[in-house]
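Listed after this line are the structures, all set down as C-alpha cells.
You will see two complexes here that share subunit A, one where it goes with subunit B and one where it goes with subunit C.
Coming up: the complex of A and B.
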C-alpha cells in the first residue's frame, strides 16, 4: 500500500507560506542586530524559555522524525530507546554550559576554547572534526528535506532540498541567532503537537494489542530485548549523542548566548523534555507491519506511516512537522557553523586584524557560501540519513574526554588532547568499517579516554584558567 | 526474552504523557519571561 501524497501546487503553497513567514520574522528580529554579538550570539542575554526551547528544538532534528522510526524498524524497541538516550548529551552538557560561560565570558566558539586551552595542534584536529561533522549534519538535513518532499508530494527531491535550504539560509542571514532562537520556539511547539497527534491517531487506529500480536507473529526480533546489535546500538548512541553535543559549536554558541545563570537550567530542562520524543516518533514505525506500509527507504517509514494514518490532511500535517524539525536544526547549524568558520578560519587564520563589522560581514557571506556548498553536496543522494549520521560518530565521540578534561581538569595538555582525538577517530573508523556503525562511537570514545588518562598520568604542568578569560585570541 | 505488551504500552504512554506537557510548560515559561522582562 502507498501512503497518500499531496499535489505539487499544495506543497509549493505550504513552502511559500512558511518561507514568507519565517523570512519576515527573521527580518523583523534582525533589525535589532547592531553588533557581531547581536548577530552571532543574540546579545548574550537569552532568557530561560527561549533558551530551553531552542536547545530542545535544535536537538529535534529530521533525524528524530525520520531516523528514530528507521532505527525502530531496524532494531525494534532498542532503536527508539537508544535514540532517546541522545538526551543524555543535553543533560550532561548542562554543567559544562555553565562553566564555559564563566571561564570564557567573551568567547564565541568551541574553537576559541580549544585554541586557548590546548594550542594549535589540538585546535587543528578539533576544527577538522567539527567542520566534517557540521557539514555531514547539514547535508543529512538538506537530503532529508528533499526526501521528505519527494515522498510526501509530487515535488522532486531537488525542489524540496533547494526550497528548505533557501528558506533557512534566508532567515538566518536576516536575523542571525535571534531569528534562529525565536523561530525554534515556534517550531518546537509545532513539532511536538504534530508528533503527539500522529502517535495518538496511531494508538487509536492500531491498538497496542494488535500491534504487539502482529509484531510477535511477523517480526518478533523487533520486540527482542536480547538483540545483540540493538543493545550495542543503544550504548553506542549514548556516546554518540554526548560527543555530538559536547564538541559542536551549535551548543557552545548557545552556552555563550544564554544569559548568565541560564545555561545549566535550560540545557538540563531541555534534555528532560527531549527524552520521550524519540519514543513517541519511533513507536509509529512498529505499526508499519500492521498497516502494510513498505517504505522506499527505511528512513521514510515514519512519514509514510503517519501519512497513511492521517490521510489527505495527514500528508500536509506530516509535511509541516518534518519541515519544522528540519528548519529548527538547519538554521542553528548554519548560524553556528558560520560562527566557527568566521572566528576560527577567517579571523584566526586569514584576517587576524578584522574588526567587528568586517567579521559581521564575513559571517553573512559565509552563511550564503555554506548554504551553496550544502546544496552542491546534497545533489546526489550519497547515503541513507542514518548511515551518514552514524559515520560521524567516530569523529565526534573522540572529542568528549578532551573537552571534559579541558573544562574541569588543569592537567591535560594540548599534545595529549590532539593525540586522543586523532587516535579516537581512527580507531572509531576502524570499528565502523570492520564491525558496524553501531560500535564506531563506543570505540572512538574508549580509545580517546585511554589516551587522555595516560596524558593525565604523565602531566607535569597545570593550565592557568585565567588565560581563558582573555579568549578569543588569534593564531600568532 | 521479548518485551511484553504491558511494558510496551507503559513505555509509550509515559513518553506520550510527558511530551503532551512540553508545549504547555514552554508557553508558561515564555509568559513568565515576558512578564519579568527576561526574554532576551
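Coming up: the complex of A and C.
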C-alpha cells in the first residue's frame, strides 16, 4: 500500500482511545434518559446551537470527507461544485422542518407522516425505500472506516470497519439521540478545524499555478467545463442530496427533536455552513497526481493526499478528522433507523399495544441488529463508496415530490404517491445500470414528478390536515 | 403543470438515456482502474501512450506498492498502458479506449435537471408564500 503513515500499534491505540472517549461520553449523557422521548428525540427540546451543529455534522460524513475527493478525482471541477450543491438539501428542508413540527406535534418518524398522510400502500413503499437507503448509507460508512484505516495504516479493512461499527453502536446504545447530538457538536468542531488545516497546507505546498499546469498536462478533462459525464452528474447530485434529506428519518427525527421555532433557522444555517466544505475536501484530490499519489481506488484519494501533505503526525490528524466525520453520521443514522424500525415496523406491524418501556428495549435491540447487519454486508467490499451511495440515489430521489406535495398540497392521494415512488425508483435503477451511477437520482426524480403531476391533475378529494395532529397511529 | 411541459421533460429524459451501448474496453467517463499488480514494487511508473499516429502527449503516473491504479481526466482516444520497471524493462497492459458521451446527450440531461430543480424551487416558494 502506498503512503502508509501510521504503524499498526499507533493506529490501534488511537482506535481504543477514540472508542473509550466516545463510549464514556455516551454513557454520561445517557444517564439523563428516562423516557422514549428522551432516548429517541432528546426530550423534543434541542436548542439552536446544538441543532445547527448536529445538522451540519451529520451531513459531513464519508460523503464529504471521502466521496467529495473521489468525485473530484472522477469529474474534476464539476464533481467538486456538484457535491457542494448537496447543501441545497439542508437549505430547502428548512421550511419543511418548520411545517413538519407544526403538522405533527407528536410525530416520531417520517414513516408516521407517510402513513397518516398517504395510507398503507405508500407507507410500505416508503419504508422499503427508507430501509434500503439507510442500510446503503450505513454500509458505506462502515466501508469508509475500513478504507480509511487501510489507506493510512497497515491495519486491515476488516479491522477499521469493525472498530467504527463497535464504537458507534456502543455509544448510541448508551446515550440515544442526546448522545448523538452532543457528540456531533464536538465532532463538527474537530472536522471544521481539520478540513481548513488540510486545505491551507495543500494550497501552500502545491500552488494554484503548479496545480493548473499539472492537471492540464496529465488530467486535462478534470478542468474541462464541458466534460460530458460531469455535466450529467451535476444535477444528479443535487437531487440525490435533496432526496436523502427530504425522506430520511435522520432529518425528520431532528425536526421533531428541535424546540419549536428552531428547525427552520438551524437547517438553513447548517446548509450555509456546510456549502464550502466539499469544495475544500474535494480540492485536495486535484493535487493527487502532482503529489505523486495514484490511488488504487478513487475513494481512497482524500486521506492519501492529506497524509502525504501532512506527513506522519498529519496522518494521525487526518485519521481523527475523518473518523469523527464517519462517527457523527453513523451514530445519527443508527439512532434514526432504529426509531424508524421501532415505530414503523415493531409498533405499527408487530406490537401495536407496546408501552414506552418495551419500545425503548426494542429500539436498543434494533440498534445492535442494525450494526450486525451492516457488518455482514460490509465484509465483501462490493463497490466504491461513490457508486454505492449513488445506487441509493435511485431510491431517495423518487420521494422528493411525494414528500413536498404531501406536506403542502392536500390533493395528492396515497395511490399516486406510491406509484410515483415505485416508478421513480425503478426508472432510476434502469438509469443506474444502463448509463451510470451519475444519472440514477435525476431520472428517478423526473419520473416521480411526472407521476405526481398526473396524480394532482386527476385529484378528486382533499386531505384533512387535522388527521396529522393525531399521528402517530398504528396499522389496522 | 402544462401537459406540454410534461411531454417535453419526458422527451428530454428519453434523449438523455438513448444510445449508450459501449464495448467492454471503452470508458465513457475518462477514468479507469488499471490492474498494475505491483505489490512487490517492481514497477515505478505507469505510462499511457495514446495510439493515434500523430500523438505527442503521453500521460505518466508514479507507482508505489499497489495492485490497482486509478487514472482519471483522460480525453477521447485509444490508450496503451505500459508499466516501466526500475531496471528499464517494460510490460504492456491491455489497451483501452476513452470515448466521452456526446455533449448534446449530457446537455439534455443537464437541462432536464435544471427544469426539475427550478420546478422544485418554484413549488416550495409558492407553497411557503401561501402558508405565510
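By our rule, the second predicted complex is superposed on the first by the 474 of 476 C-alpha atoms of A that agree within 3 Å, B and C clash if a C-alpha of one lies under 4 Å from a C-alpha of the other, contacts with A are read in each partner's own complex, and residues count from 1 in each chain.
Here is the rule we use: contacts are C-beta pairs under 8 Å (C-beta built on N, C-alpha and C of every residue); 3 or more make two chains touch, one makes a residue touch a chain.
Everything numeric in this text was worked out from a predicted model, so none of it was measured.
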| item | value |
| --- | --- |
| First (subunit B), second (subunit C), both or neither touched by A:162 | neither |
| Touched partner set for A:220, first subunit B, second subunit C, both or neither | both |
| Touching partner for A:343 - first (subunit B), second (subunit C), both, neither | neither |
| Touching partner for A:295 - first (subunit B), second (subunit C), both, neither | second |
| Touching partner for A:259 - first (subunit B), second (subunit C), both, neither | first |
| Which of subunit B and subunit C A:238 touches, first, second, both or neither | second |
| Touching partner for A:404 - first (subunit B), second (subunit C), both, neither | second |
| Broader residue contact with subunit A after superposition on the shared chain, subunit B or subunit C | C |
| Which superposed partner A:74 touches (first subunit B, second subunit C, both, neither) | second |
| Touching partner for A:446 - first (subunit B), second (subunit C), both, neither | second |
| On subunit A, the residue positions that both subunit B and subunit C contact, one per complex | 76, 220, 223, 226 |
| Subunit A-facing residues of subunit B, complex | 1-5, 8-9, 11-12, 14-16, 18-20, 22-23, 25-27, 29-30, 32-33, 38-40 |
| Residue ranges of subunit A in contact with subunit B within the complex | 42-43, 45-50, 52-53, 56, 76-77, 81, 84, 178, 185, 188-189, 192-193, 195-196, 199-200, 203, 208-209, 211-212, 216, 220, 223-226, 259, 273, 275-277, 279-280, 283 |
| Residues of subunit C that touch subunit A when the two form their complex | 1, 6, 9-10, 13, 16-17, 20, 28-31, 33, 46, 57, 59-75, 100-103, 105-107, 109-110, 112-114, 116-117, 119-121, 123-124, 127-128, 131 |
| Subunit A to subunit C touching residues, read off their complex | 1-3, 73-76, 92, 95, 99, 215, 217-223, 226-229, 231-232, 234-236, 238-239, 242, 289, 292, 294-298, 301, 400, 404, 407-409, 430-431, 434-436, 438-439, 442-443, 445-447, 449-450, 453-454 |
